[in-house]
Amino acid sequence: MTTPLLTAEGLNLHFGAIAALRDVAIDITAGEVVAIVGESGSGKTTLLRVLSGLMAPDSGTVRWLGQDVHAMGEAARRRLMRTDWGFVHQNPRDGLRLAVSAGGNVGERLMAVGARHYGNIRGEALSWLAKVEIDATRIDDLPRTFSGGMQQRLQIARTLVTRPKLVFMDEPTGGLDVSVQARLLDLIRSLSRELGLAVLIVTHDIAAARLLADRILVMRRGEVVEQGLTDRVLDDPQHPYTQLLVSSVLAA
Amino acid sequence: MNTSEAPSASGATTLEGYNFAYLDEATKRMIRRALLKAVAIPGHQIPFGGREMPLPYGWGTGGIQVTASILGPEDRLKVIDQGSDDTTNAISIRRFFTRVAGVATTEHTAEASVIQTRHRIPERLLREDQIMVYQVPQPEPLFRLEPRRVETKRLHALADYGLMHVRLYEDIARLGHIAKAYDYPVMVNGRYLMSPSPIPAFDNPKMDRMPALQLFGAGREKRIYAIPPYTDVRSLDFEDHPFRPIRAPQACALCGSRDTYLDEVITDDRGGRLFVCSDTDFCAERQADAAKEAAE
Amino acid sequence: MYVAVKGGERAISAAHAWLEETRRGDAAVPELTVVQIEQQMGLAVDRVMAEGSCHDRFLAALAIKQAKGDLIEAAFLLRAYRTTLPRFGASEPLDTAAMRLRRRISATYKDLPGGQVLGPTFDYTHRLLDFALAAEGVERAAAPEAPTPVESAPRVTELLAREGLMQREVAEDAEPGDLTRQPLTFPAERPVRLQNLARGDEGFLLALGYSTQRGYGNAHPFVGEIRVGHVTVEFTPPELGFPIELGEIGVTECQMVNQFKGSRTEPPQFTRGYGLVFGHGERRAMAMSLVDRGLRAAELGEDITAPAQNAEFVLYHSDNIEATGFVEHLKLPHYVDFQSELENLRTIRRSAEAAIQEAAE
């Protein structure tokens, strides 16, 4: 087995009396898509925030290539966030600069890591717009003139342009119409295969998890109640809560 | 240091009831400490306890406080605004220092030991024994992109200047070139993004490796920063859209110069106009030289 | 030729002479004395002292005379003067509970120990122009006198605090920051915020305070107490080691009572907004206490959604000396920068025109 990119152990976090995370452990290796599923309030978004260094746990460690994520300085963490990592927010407005053109949004990460050739930055932006199926003529338009699905695809382009090793996604299809959701999931799947991306995706949508993920973690009340290969977990759920989740999808 | 009663070395006396150069000595020391810090970290903004001055904020109080703190009785002061010694605000500030410090003043760049300026750098190359003092309205180069100072402080600390490059990218995408004509941001010593004050971008290259010490005072915003002599100062740009100093593509109507910064003067209401040097001292010297040559 | 003219020096001298002439006005009309301004324009003097950050009635009146009645200009003159004064130290904290009261009202209680003292106020006057005032030299009847009250007047907020209904302010031994010596930095502690507000522009404070009442900041204020009067200033010289009285100054204090919904660690209770200003300045003290409470949002765990809760926004824009200077600096020449913009615009227009032409062909 290859060495994992990210390893977390013994994560605990309390909000007052409520346990948001209870002794959670997780690891993810290069090129692997892992889905964290569970209903809202199960702690899955909190877990994503802790793993990506946005929030500190009460106890436990998160390591990136062996380095303690919460012990590194803010400068190092920000550098990681714009190089090896990417973060796709549920609401594209949180991940985009709405007053900056589509091209500028995609180019920002390139410039942040030192790209200083306008023509190359623009060329890269155009090729990424094509990859996420946004028409090249929209490159100088502001994202606020885009539909919700386009905004989300732009956010993905902006995040992937520096070819991160690991991308965190928080309900990336959350606010979208069902038809738009399917197209976006296809896009995420093909891009992650093509680029060999590791993806850690939080979703309450079991169908999305089945489509994308190699592995699944099921969370409930801050605890990982079941995990394993996607097909195994969904076809032969062991934990009663997982059984409930899977059956409720079938029933729906 | 001088005291209020003593006549200065230049023979003039200072204003009764006020210390030499207006500020009390403790305040001057505080400002000089800030200046030392600023010189030690080129381009980094140092907060300082800016005082009210008898001139309004935005009219040069930062520059005046810096000048007052470094001025000695032996100094010879030049004050320019828009490149000229004869603009009203330059006159007002020059008068102020004549009144409260009794120092000698000059309109000749070559003769000045301290030059306080608003919006220009003189055309003549400056020397190691001269100090430039810039009046700065807004020391934060990122303020239009991020108004919160708590946040800009963090961006400077992390040298996170991607935002500024995005702004320049947007200019090129929309307009074909970088549309910043003045107060054009610079990187100082490869580390801090800095506002050069609202000088025209034309003047930016003069800052790079300048032999003179450059001091910047922002009175209302209470910040001081500096560029020590011979420090690298680079205007931000792209490899394929290099920084381009802008000037009117004309010759000065008075001295014929084609490589100085020009002011446009409207001469009538029928579209008549001419262009003249913004640096009046430099222009007058060139005219005098030409007249001498013609006479010979 | 226009550019060859070197008339700046002469023009400035002439303009200043003209200014002086207009300041004096018609020489046939008797000149205002500084004492007349101090006596008869007392509230203007108070405002200039507050915004000029210097308690000296005579100097404030002089500044008003010199500024032709422009109160911001007058405050500016006073500030520029005060900054040159030597500093011997800081006084002991003022004890406003021991204030010699001219006016003291509470909106939260009908009556209270010490009573409601109306004092010299515009409140309840009918705002009708009094043409009798236009006829000068008419003797006005003196106001009736009442015996000085013997009863002490405890602070309203103290009454509430004793019941546990009002959050207590914690006394701190730490030396407070001094805005006249150190620049404003963030996060700004409350002493620094209060200093800033105490000398902030009255119009700005008024508008911000008002906005908190209109839903921009979720305030539910009550005037716990306004007191106007004189307090003793004491100073402890290091060589003596005990405080001596320097004299009295006039001040206005406002304590605004606000609701607080409580948090995980604290039960619901009242919190206060505080205002203390030089002279008789009720509007200023009230507005200040509303804004002070607004700026406590972060510390009390409230959402920051309104301008009056945004410390950077409020504190960086409250000072009218800074504001008037920077707004008015726009009339200084900017032709060097404007020239760059002109060339810039011409270049952009040339390429845009070329592009349009190309498209047309």
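Letters A, B and C mark the chains in the order given here, with residues in each chain numbered from 1 onward.
Going forward, a residue touches a chain if its C-beta (ideal position, glycine included) is under 8 Å from a C-beta of that chain, and two chains touch if they have at least 3 such contacts.
Chain identities (UniProt): A = Phosphonate C-P lyase system protein PhnK; B = Alpha-D-ribose 1-methylphosphonate 5-phosphate C-P lyase; C = Carbon-phosphorus lyase complex subunit PhnI.
This is a predicted model, so every value here is computed, not measured.
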Shortest contact path, subunit A to subunit C, counted in steps: 2
Chain whose mean Cα position lies farthest from subunit B: A
Contact-richer chain pair (by C-beta pairs counted) among B-C and A-B: B-C
Whole-Å gap between the CA centroids of subunit A and subunit C: 51
Interchain centroid distance [CA atoms averaged], subunit B/subunit C, Å: 33
Rounded Å distance, subunit A centre to subunit B centre (Cα mean): 49
Where subunit C touches two or more other chains, by residue: none
Subunit B residues touching subunit C - in the complex, by the definition given at the top: 18-19, 22, 24, 47-54, 56-59, 61, 81-83, 86-92, 118-120, 137, 147-150, 175-177, 179, 181-183, 198-202, 220, 222-223, 246-248, 254, 261-265, 267, 276, 278
Sites on subunit B touched by subunit A in the complex: 157-158, 160, 162-163, 165-166, 169-170, 172-174, 237-241
Subunit B contact footprint on subunit C (complex, rising order): 2-4, 6, 8-9, 11-12, 76, 79-80, 82-84, 86, 180-187, 312, 321-329, 332-337, 339-344, 347-348, 351
Subunit A residues within the subunit B interface of the complex: 74-75, 78, 82, 97, 100-101, 103-104, 107-109, 111-112, 116-119, 121-122, 139-140
